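Going by the order they are written in, the chains are A, B, C and D; count residues from 1 in each one.
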Amino acid sequence: MKVMYFAWLREKTAISSEEVDGAGLATVSDLVEALRAKGARHAAAFEDVSAVKVAVDQKVVGFDASLEGATEVAFFPPMTGG
Amino acid sequence: MKVMYFAWLREKTAISSEEVDGAGLATVSDLVEALRAKGARHAAAFEDVSAVKVAVDQKVVGFDASLEGATEVAFFPPMTGG
Amino acid sequence: MAVRVQEEDFDLGVEAAALRGSGDAGALVTFSGIVRGGEGDVAAMMLEHYPGMTEAALEEIEAEACARWDLSASLIIHRVGRLMPGENIMMVAAASRHRKAAFEAAEFLMDYLKTRAPFWKKEETPEGARWVDAREADDDAAARWAK
Amino acid sequence: MAVRVQEEDFDLGVEAAALRGSGDAGALVTFSGIVRGGEGDVAAMMLEHYPGMTEAALEEIEAEACARWDLSASLIIHRVGRLMPGENIMMVAAASRHRKAAFEAAEFLMDYLKTRAPFWKKEETPEGARWVDAREADDDAAARWAK
(Lines give C-alpha, C1' and ligand atoms only; values in the text may rest on other atoms or scores of the structure.)
Protein backbone atom coordinates (compact mmCIF):
# COMPACT_ATOMS: atom_id res chain seq x y z
CA MET A 1 0.00 0.00 0.00
CA LYS A 2 0.97 3.65 -0.45
CA VAL A 3 1.84 5.45 2.79
CA MET A 4 1.80 9.28 2.71
CA TYR A 5 3.08 11.92 5.15
CA PHE A 6 2.00 15.55 5.42
CA ALA A 7 3.20 18.65 7.27
CA TRP A 8 5.67 17.89 10.09
CA LEU A 9 5.28 14.14 9.58
CA ARG A 10 6.60 14.63 6.06
CA GLU A 11 9.46 16.73 7.45
CA LYS A 12 10.34 14.25 10.22
CA THR A 13 10.28 11.21 7.98
CA ALA A 14 11.82 13.22 5.11
CA ILE A 15 9.42 11.29 2.85
CA SER A 16 6.25 12.38 1.04
CA SER A 17 5.13 8.87 0.26
CA GLU A 18 6.48 5.33 0.15
CA GLU A 19 5.29 1.84 -0.72
CA VAL A 20 4.87 -0.52 2.23
CA ASP A 21 4.06 -4.21 2.10
CA GLY A 22 0.80 -4.60 3.96
CA ALA A 23 1.15 -8.36 4.53
CA GLY A 24 0.53 -9.16 8.18
CA LEU A 25 -0.65 -5.65 9.05
CA ALA A 26 -4.26 -5.89 10.25
CA THR A 27 -4.76 -2.38 11.60
CA VAL A 28 -3.31 1.13 11.40
CA SER A 29 -1.57 0.50 14.73
CA ASP A 30 0.17 -2.54 13.23
CA LEU A 31 1.34 -0.33 10.35
CA VAL A 32 2.64 2.32 12.78
CA GLU A 33 4.66 -0.37 14.60
CA ALA A 34 6.13 -1.54 11.28
CA LEU A 35 6.97 2.04 10.28
CA ARG A 36 8.65 2.80 13.64
CA ALA A 37 10.95 -0.16 13.03
CA LYS A 38 12.15 1.34 9.74
CA GLY A 39 14.65 3.67 11.38
CA ALA A 40 15.29 6.68 13.57
CA ARG A 41 13.43 9.19 11.40
CA HIS A 42 10.25 7.13 11.30
CA ALA A 43 10.55 6.36 15.01
CA ALA A 44 10.81 10.10 15.74
CA ALA A 45 7.82 10.90 13.55
CA PHE A 46 5.65 8.37 15.38
CA GLU A 47 7.08 8.97 18.86
CA ASP A 48 3.80 10.55 20.06
CA VAL A 49 0.85 9.38 17.99
CA SER A 50 -1.61 11.34 20.14
CA ALA A 51 -0.68 14.28 17.89
CA VAL A 52 -1.09 12.25 14.68
CA LYS A 53 -4.20 11.67 12.58
CA VAL A 54 -4.62 8.97 9.96
CA ALA A 55 -6.71 8.61 6.82
CA VAL A 56 -7.26 5.26 5.10
CA ASP A 57 -8.20 5.68 1.46
CA GLN A 58 -8.81 9.39 2.14
CA LYS A 59 -11.20 8.89 5.08
CA VAL A 60 -10.10 9.90 8.58
CA VAL A 61 -10.24 6.86 10.87
CA GLY A 62 -8.96 5.70 14.26
CA PHE A 63 -5.70 3.81 14.82
CA ASP A 64 -7.70 0.64 15.42
CA ALA A 65 -9.13 0.79 11.88
CA SER A 66 -8.67 -2.24 9.63
CA LEU A 67 -6.27 -2.05 6.69
CA GLU A 68 -8.13 -4.75 4.74
CA GLY A 69 -8.32 -3.65 1.14
CA ALA A 70 -6.55 -0.36 1.89
CA THR A 71 -4.49 1.13 -0.93
CA GLU A 72 -3.57 4.53 0.54
CA VAL A 73 -2.79 5.40 4.16
CA ALA A 74 -1.90 9.00 5.09
CA PHE A 75 -0.48 10.35 8.37
CA PHE A 76 -0.74 14.04 9.29
CA PRO A 77 -1.20 16.44 12.21
CA PRO A 78 -4.62 17.94 13.05
CA MET A 79 -5.82 20.15 10.22
CA THR A 80 -5.20 23.88 10.33
CA GLY A 81 -6.79 25.26 7.17
CA GLY A 82 -9.24 28.12 6.93
CA MET B 1 -43.54 70.70 18.04
CA LYS B 2 -42.98 68.93 14.72
CA VAL B 3 -44.95 65.71 14.28
CA MET B 4 -43.78 63.30 11.56
CA TYR B 5 -45.37 60.23 9.97
CA PHE B 6 -43.67 57.41 8.10
CA ALA B 7 -44.75 54.42 5.99
CA TRP B 8 -48.47 53.60 6.31
CA LEU B 9 -48.96 56.25 8.98
CA ARG B 10 -47.84 58.84 6.42
CA GLU B 11 -50.24 57.31 3.88
CA LYS B 12 -53.21 57.16 6.29
CA THR B 13 -52.78 60.73 7.55
CA ALA B 14 -51.75 61.89 4.05
CA ILE B 15 -49.17 64.07 5.86
CA SER B 16 -45.37 63.74 6.12
CA SER B 17 -45.07 66.26 8.95
CA GLU B 18 -47.07 68.96 10.65
CA GLU B 19 -46.67 71.51 13.44
CA VAL B 20 -48.69 70.77 16.58
CA ASP B 21 -49.09 73.05 19.61
CA GLY B 22 -47.71 71.05 22.53
CA ALA B 23 -49.44 73.13 25.22
CA GLY B 24 -51.24 70.87 27.67
CA LEU B 25 -49.78 67.67 26.19
CA ALA B 26 -47.74 65.95 28.90
CA THR B 27 -47.09 62.59 27.25
CA VAL B 28 -47.08 60.88 23.85
CA SER B 29 -50.49 59.39 24.70
CA ASP B 30 -51.86 62.92 25.24
CA LEU B 31 -50.50 63.89 21.82
CA VAL B 32 -52.12 60.83 20.21
CA GLU B 33 -55.51 61.82 21.73
CA ALA B 34 -55.10 65.34 20.36
CA LEU B 35 -54.15 64.02 16.92
CA ARG B 36 -57.11 61.60 16.80
CA ALA B 37 -59.41 64.61 17.35
CA LYS B 38 -58.05 66.32 14.25
CA GLY B 39 -60.22 64.35 11.84
CA ALA B 40 -61.11 61.03 10.26
CA ARG B 41 -57.71 60.44 8.63
CA HIS B 42 -55.80 60.96 11.87
CA ALA B 43 -58.33 58.87 13.77
CA ALA B 44 -57.90 56.05 11.26
CA ALA B 45 -54.09 56.24 11.47
CA PHE B 46 -54.17 55.93 15.28
CA GLU B 47 -57.06 53.47 15.49
CA ASP B 48 -54.76 50.68 16.73
CA VAL B 49 -51.64 52.08 18.38
CA SER B 50 -50.39 48.58 19.27
CA ALA B 51 -48.98 48.56 15.71
CA VAL B 52 -47.44 52.04 16.05
CA LYS B 53 -44.02 53.02 17.37
CA VAL B 54 -42.99 56.50 18.44
CA ALA B 55 -39.69 58.39 18.59
CA VAL B 56 -39.27 61.62 20.58
CA ASP B 57 -36.36 63.67 19.29
CA GLN B 58 -35.22 60.62 17.30
CA LYS B 59 -35.16 58.19 20.21
CA VAL B 60 -37.71 55.36 20.30
CA VAL B 61 -39.78 55.64 23.52
CA GLY B 62 -43.01 54.31 25.00
CA PHE B 63 -46.39 56.05 24.73
CA ASP B 64 -46.10 57.12 28.37
CA ALA B 65 -42.93 59.12 27.60
CA SER B 66 -42.91 62.79 28.56
CA LEU B 67 -43.06 65.46 25.85
CA GLU B 68 -41.30 68.04 28.01
CA GLY B 69 -38.77 69.85 25.84
CA ALA B 70 -39.62 67.71 22.81
CA THR B 71 -39.20 69.35 19.41
CA GLU B 72 -39.78 66.38 17.08
CA VAL B 73 -42.15 63.44 17.52
CA ALA B 74 -42.34 60.73 14.85
CA PHE B 75 -44.89 57.92 14.44
CA PHE B 76 -44.16 54.84 12.36
CA PRO B 77 -44.77 51.08 12.13
CA PRO B 78 -42.17 48.55 13.35
CA MET B 79 -39.01 48.81 11.28
CA THR B 80 -38.47 46.52 8.32
CA GLY B 81 -35.06 47.44 6.94
CA GLY B 82 -32.21 45.09 6.20
CA MET C 1 -16.13 52.27 11.03
CA ALA C 2 -18.58 53.85 8.62
CA VAL C 3 -22.29 54.17 7.98
CA ARG C 4 -23.87 55.21 4.68
CA VAL C 5 -27.49 55.73 3.64
CA GLN C 6 -27.74 56.27 -0.10
CA GLU C 7 -29.87 55.85 -3.20
CA GLU C 8 -26.93 54.67 -5.32
CA ASP C 9 -25.84 51.07 -5.57
CA PHE C 10 -22.58 49.86 -4.00
CA ASP C 11 -20.01 47.22 -4.91
CA LEU C 12 -19.41 44.48 -2.32
CA GLY C 13 -15.94 43.70 -3.69
CA VAL C 14 -14.80 47.33 -3.57
CA GLU C 15 -16.17 47.82 -0.05
CA ALA C 16 -14.60 44.58 1.19
CA ALA C 17 -11.23 45.49 -0.28
CA ALA C 18 -11.31 48.89 1.46
CA LEU C 19 -12.15 47.26 4.81
CA ARG C 20 -9.25 44.82 4.50
CA GLY C 21 -6.84 47.67 3.89
CA SER C 22 -7.82 49.44 7.08
CA GLY C 23 -6.43 47.07 9.70
CA ASP C 24 -4.70 43.77 10.42
CA ALA C 25 -7.74 41.55 9.97
CA GLY C 26 -7.51 37.79 9.60
CA ALA C 27 -11.26 37.38 9.11
CA LEU C 28 -13.82 39.37 7.16
CA VAL C 29 -17.54 38.59 7.17
CA THR C 30 -19.98 40.34 4.86
CA PHE C 31 -23.75 40.16 4.61
CA SER C 32 -25.64 41.41 1.56
CA GLY C 33 -29.41 41.86 1.43
CA ILE C 34 -30.85 41.57 -2.07
CA VAL C 35 -34.35 42.27 -3.46
CA ARG C 36 -35.90 38.87 -4.17
CA GLY C 37 -37.96 38.44 -7.30
CA GLY C 38 -39.37 35.24 -8.67
CA GLU C 39 -42.27 33.45 -7.03
CA GLY C 40 -43.10 36.34 -4.72
CA ASP C 41 -44.13 38.46 -7.73
CA VAL C 42 -42.41 41.51 -6.31
CA ALA C 43 -41.97 43.93 -9.21
CA ALA C 44 -40.11 46.52 -7.13
CA MET C 45 -39.30 47.47 -3.53
CA MET C 46 -39.67 51.00 -2.15
CA LEU C 47 -37.43 51.80 0.80
CA GLU C 48 -38.42 54.71 3.03
CA HIS C 49 -36.37 55.99 5.96
CA TYR C 50 -36.30 58.70 8.64
CA PRO C 51 -33.45 61.02 7.59
CA GLY C 52 -31.28 62.02 10.53
CA MET C 53 -32.54 59.38 12.92
CA THR C 54 -31.49 56.61 10.52
CA GLU C 55 -27.86 57.67 10.41
CA ALA C 56 -27.78 58.20 14.19
CA ALA C 57 -29.31 54.76 14.81
CA LEU C 58 -26.85 53.02 12.48
CA GLU C 59 -23.91 54.78 14.11
CA GLU C 60 -25.17 53.70 17.52
CA ILE C 61 -25.53 50.09 16.34
CA GLU C 62 -22.02 50.11 14.89
CA ALA C 63 -20.56 51.67 18.05
CA GLU C 64 -22.25 48.98 20.12
CA ALA C 65 -20.73 46.26 17.91
CA CYS C 66 -17.27 47.82 18.26
CA ALA C 67 -17.71 47.94 22.05
CA ARG C 68 -18.63 44.24 22.18
CA TRP C 69 -16.08 42.80 19.74
CA ASP C 70 -12.50 43.67 18.83
CA LEU C 71 -13.08 44.77 15.23
CA SER C 72 -10.43 46.19 12.94
CA ALA C 73 -13.13 47.55 10.62
CA SER C 74 -16.88 47.61 10.18
CA LEU C 75 -19.33 49.02 7.67
CA ILE C 76 -23.08 49.47 7.24
CA ILE C 77 -24.51 50.62 3.90
CA HIS C 78 -28.29 50.83 3.35
CA ARG C 79 -29.99 51.99 0.19
CA VAL C 80 -33.27 53.92 0.02
CA GLY C 81 -35.66 54.64 -2.85
CA ARG C 82 -37.05 52.26 -5.46
CA LEU C 83 -35.12 49.01 -5.99
CA MET C 84 -35.69 46.26 -8.55
CA PRO C 85 -35.43 42.46 -8.01
CA GLY C 86 -31.82 41.34 -7.89
CA GLU C 87 -30.58 44.75 -6.71
CA ASN C 88 -28.60 45.29 -3.51
CA ILE C 89 -30.67 46.55 -0.58
CA MET C 90 -27.89 46.81 1.98
CA MET C 91 -24.70 45.30 3.34
CA VAL C 92 -22.85 45.02 6.62
CA ALA C 93 -19.27 43.90 7.10
CA ALA C 94 -17.11 43.14 10.12
CA ALA C 95 -13.36 42.47 10.13
CA SER C 96 -11.49 41.05 13.09
CA ARG C 97 -8.44 39.00 13.99
CA HIS C 98 -10.64 35.94 14.56
CA ARG C 99 -13.59 34.50 12.70
CA LYS C 100 -15.87 34.11 15.72
CA ALA C 101 -15.80 37.85 16.42
CA ALA C 102 -16.31 38.72 12.76
CA PHE C 103 -19.30 36.36 12.41
CA GLU C 104 -20.92 37.44 15.67
CA ALA C 105 -20.46 41.14 14.99
CA ALA C 106 -21.94 40.85 11.48
CA GLU C 107 -24.97 38.98 12.82
CA PHE C 108 -25.36 41.50 15.61
CA LEU C 109 -25.23 44.40 13.14
CA MET C 110 -27.97 42.74 11.08
CA ASP C 111 -30.22 41.86 14.02
CA TYR C 112 -30.03 45.35 15.48
CA LEU C 113 -30.37 47.06 12.12
CA LYS C 114 -33.54 45.06 11.40
CA THR C 115 -35.22 46.09 14.62
CA ARG C 116 -33.71 49.49 15.50
CA ALA C 117 -32.94 51.39 12.29
CA PRO C 118 -35.91 53.36 10.91
CA PHE C 119 -36.35 51.85 7.45
CA TRP C 120 -39.63 50.63 5.99
CA LYS C 121 -40.12 48.43 2.95
CA LYS C 122 -43.09 48.55 0.58
CA GLU C 123 -43.42 45.88 -2.09
CA GLU C 124 -44.99 46.59 -5.45
CA THR C 125 -46.82 43.51 -6.78
CA PRO C 126 -49.29 42.91 -9.63
CA GLU C 127 -52.07 43.01 -6.98
CA GLY C 128 -50.93 46.40 -5.70
CA ALA C 129 -48.46 47.74 -3.17
CA ARG C 130 -48.15 46.44 0.39
CA TRP C 131 -46.04 47.42 3.39
CA VAL C 132 -43.80 44.58 4.55
CA ASP C 133 -44.77 43.37 8.03
CA ALA C 134 -42.17 43.26 10.76
CA ARG C 135 -41.27 39.67 11.64
CA GLU C 136 -41.42 38.38 15.19
CA ALA C 137 -38.35 36.28 14.34
CA ASP C 138 -36.38 39.51 13.92
CA ASP C 139 -37.29 40.65 17.44
CA ASP C 140 -36.28 37.24 18.76
CA ALA C 141 -32.98 37.42 16.89
CA ALA C 142 -32.22 40.86 18.33
CA ALA C 143 -33.21 39.79 21.84
CA ARG C 144 -30.50 37.11 22.01
CA TRP C 145 -27.84 39.87 22.23
CA ALA C 146 -29.34 41.41 25.39
CA LYS C 147 -26.94 41.25 28.30
CA MET D 1 -22.39 24.66 -5.32
CA ALA D 2 -18.67 24.65 -6.04
CA VAL D 3 -15.34 23.83 -4.43
CA ARG D 4 -11.97 25.07 -5.65
CA VAL D 5 -8.42 24.45 -4.41
CA GLN D 6 -5.95 26.67 -6.20
CA GLU D 7 -2.65 28.57 -5.98
CA GLU D 8 -4.06 31.66 -7.69
CA ASP D 9 -5.78 34.47 -5.84
CA PHE D 10 -9.54 35.05 -6.17
CA ASP D 11 -11.74 38.15 -6.14
CA LEU D 12 -14.45 38.22 -3.46
CA GLY D 13 -16.58 40.68 -5.44
CA VAL D 14 -16.50 38.60 -8.62
CA GLU D 15 -17.31 35.39 -6.74
CA ALA D 16 -20.15 37.03 -4.81
CA ALA D 17 -21.65 38.46 -7.99
CA ALA D 18 -21.61 35.01 -9.63
CA LEU D 19 -23.34 33.44 -6.61
CA ARG D 20 -26.10 36.06 -6.64
CA GLY D 21 -26.80 35.37 -10.27
CA SER D 22 -27.34 31.67 -9.68
CA GLY D 23 -30.58 31.75 -7.67
CA ASP D 24 -33.26 33.83 -6.03
CA ALA D 25 -31.30 34.71 -2.91
CA GLY D 26 -32.31 37.46 -0.52
CA ALA D 27 -29.28 36.99 1.69
CA LEU D 28 -25.62 36.35 0.92
CA VAL D 29 -22.97 35.80 3.61
CA THR D 30 -19.28 35.62 2.78
CA PHE D 31 -16.28 34.83 4.94
CA SER D 32 -12.72 35.66 3.87
CA GLY D 33 -9.62 34.40 5.64
CA ILE D 34 -6.60 36.65 5.21
CA VAL D 35 -2.92 36.19 6.12
CA ARG D 36 -2.28 38.45 9.10
CA GLY D 37 0.96 40.36 9.27
CA GLY D 38 1.94 42.99 11.78
CA GLU D 39 2.72 42.16 15.38
CA GLY D 40 2.86 38.40 14.75
CA ASP D 41 5.99 38.85 12.61
CA VAL D 42 4.72 36.37 10.05
CA ALA D 43 6.70 37.01 6.89
CA ALA D 44 4.82 34.42 4.84
CA MET D 45 2.44 31.48 5.19
CA MET D 46 2.94 28.12 3.48
CA LEU D 47 -0.24 26.15 2.84
CA GLU D 48 0.09 22.41 2.27
CA HIS D 49 -2.79 20.09 1.40
CA TYR D 50 -3.62 16.47 0.55
CA PRO D 51 -4.57 16.53 -3.13
CA GLY D 52 -7.63 14.44 -3.86
CA MET D 53 -8.75 14.06 -0.28
CA THR D 54 -9.00 17.84 0.10
CA GLU D 55 -11.45 18.28 -2.75
CA ALA D 56 -13.49 15.29 -1.62
CA ALA D 57 -13.63 16.61 1.96
CA LEU D 58 -14.70 20.09 0.84
CA GLU D 59 -17.41 18.63 -1.41
CA GLU D 60 -18.68 16.56 1.48
CA ILE D 61 -18.75 19.60 3.77
CA GLU D 62 -20.63 21.62 1.16
CA ALA D 63 -23.12 18.80 0.53
CA GLU D 64 -23.75 18.57 4.27
CA ALA D 65 -24.45 22.33 4.42
CA CYS D 66 -26.86 22.06 1.49
CA ALA D 67 -28.66 19.18 3.23
CA ARG D 68 -29.05 21.19 6.44
CA TRP D 69 -30.05 24.57 5.00
CA ASP D 70 -32.05 25.70 1.98
CA LEU D 71 -29.25 27.37 0.03
CA SER D 72 -29.59 28.84 -3.44
CA ALA D 73 -25.80 28.83 -3.84
CA SER D 74 -22.62 28.04 -1.94
CA LEU D 75 -18.91 28.23 -2.58
CA ILE D 76 -15.65 27.17 -0.97
CA ILE D 77 -12.31 28.40 -2.34
CA HIS D 78 -9.03 27.57 -0.57
CA ARG D 79 -5.59 28.58 -1.75
CA VAL D 80 -2.41 26.54 -1.34
CA GLY D 81 1.27 27.43 -1.68
CA ARG D 82 3.16 30.41 -0.28
CA LEU D 83 1.04 33.43 0.71
CA MET D 84 2.14 36.86 1.92
CA PRO D 85 0.57 38.98 4.71
CA GLY D 86 -2.61 40.65 3.49
CA GLU D 87 -3.28 37.97 0.86
CA ASN D 88 -6.46 35.92 0.69
CA ILE D 89 -6.17 32.43 2.17
CA MET D 90 -9.69 31.25 1.47
CA MET D 91 -13.35 32.16 1.31
CA VAL D 92 -16.72 30.53 1.81
CA ALA D 93 -20.09 31.94 0.78
CA ALA D 94 -23.69 30.90 1.34
CA ALA D 95 -26.78 32.40 -0.31
CA SER D 96 -30.32 31.75 0.86
CA ARG D 97 -33.77 33.30 0.96
CA HIS D 98 -33.26 34.23 4.61
CA ARG D 99 -30.34 35.64 6.54
CA LYS D 100 -30.40 33.11 9.38
CA ALA D 101 -29.79 30.20 6.99
CA ALA D 102 -27.06 32.11 5.12
CA PHE D 103 -25.22 33.02 8.36
CA GLU D 104 -25.54 29.55 9.87
CA ALA D 105 -24.44 27.78 6.69
CA ALA D 106 -21.39 30.03 6.29
CA GLU D 107 -20.34 29.42 9.91
CA PHE D 108 -20.90 25.70 9.49
CA LEU D 109 -18.77 25.63 6.32
CA MET D 110 -15.97 27.39 8.21
CA ASP D 111 -16.16 25.21 11.33
CA TYR D 112 -16.14 21.98 9.34
CA LEU D 113 -13.47 23.18 6.92
CA LYS D 114 -11.19 24.08 9.85
CA THR D 115 -11.44 20.63 11.41
CA ARG D 116 -12.13 18.25 8.49
CA ALA D 117 -10.36 19.54 5.38
CA PRO D 118 -6.73 18.39 5.07
CA PHE D 119 -4.84 21.69 4.96
CA TRP D 120 -1.83 22.57 7.09
CA LYS D 121 -0.33 26.01 7.67
CA LYS D 122 3.34 26.76 8.29
CA GLU D 123 4.35 30.28 9.26
CA GLU D 124 7.69 31.76 8.25
CA THR D 125 8.97 34.15 10.92
CA PRO D 126 12.31 35.89 11.56
CA GLU D 127 12.99 33.13 14.17
CA GLY D 128 12.35 30.37 11.65
CA ALA D 129 9.40 28.41 10.33
CA ARG D 130 6.78 26.79 12.55
CA TRP D 131 3.70 24.63 11.92
CA VAL D 132 0.52 26.28 13.16
CA ASP D 133 -1.05 24.30 16.01
CA ALA D 134 -4.65 23.17 15.76
CA ARG D 135 -6.84 25.11 18.16
CA GLU D 136 -9.12 23.38 20.62
CA ALA D 137 -11.60 26.22 20.05
CA ASP D 138 -11.98 25.01 16.46
CA ASP D 139 -12.96 21.53 17.62
CA ASP D 140 -15.45 23.07 20.03
CA ALA D 141 -16.90 25.24 17.26
CA ALA D 142 -17.33 22.22 14.97
CA ALA D 143 -18.86 20.14 17.76
CA ARG D 144 -21.81 22.50 18.18
CA TRP D 145 -23.21 21.33 14.81
CA ALA D 146 -23.39 17.68 15.88
CA LYS D 147 -26.93 16.39 15.85
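Just so we're on the same page, a contact is a pair of C-beta atoms (placed from the backbone, for glycine too) under 8 Å apart; a residue touches a chain by one contact, two chains touch by 3 or more.
Just so you know, these numbers come straight off a predicted model, no measurement behind them.
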Which chains sit in contact with both members of the pair chain A and chain C? D
Identity of the chain that, by mean CA position, is farthest from chain C: A
Distance between the centres, which are taken as Cα means, of chain D and chain B, whole angstrom: 48
From the C-alpha centre of chain C to that of chain D, how far is it in Å? 23
Separation of chain B from chain C, taking each centre as the mean of its C-alpha atoms, in whole Å: 26
Any idea how many Å lie between the Cα centroids of chain A and chain B? 72
Can you list the residues of chain D that touch 2 or more other chains? 33, 99, 110
Contacts with 2+ other chains: residues of chain B: 82
If two chains touch, include that pair; go through all of them. A-D, B-C, C-D
Quick check on the complex: what are the chain A residues that touch chain D? 4, 6-8, 10, 55, 58, 60, 74, 76-82
Please output the residues of chain C touching chain B within their complex, sorted ascending. 33, 47-50, 52-53, 56-57, 78, 89-90, 110, 113-122, 131-134, 138
So in the complex, the part of chain C that touches chain D is made up of which residues? 11-14, 16-17, 20, 24-39, 86, 97, 99-100, 102-103, 106-107, 110, 137, 141
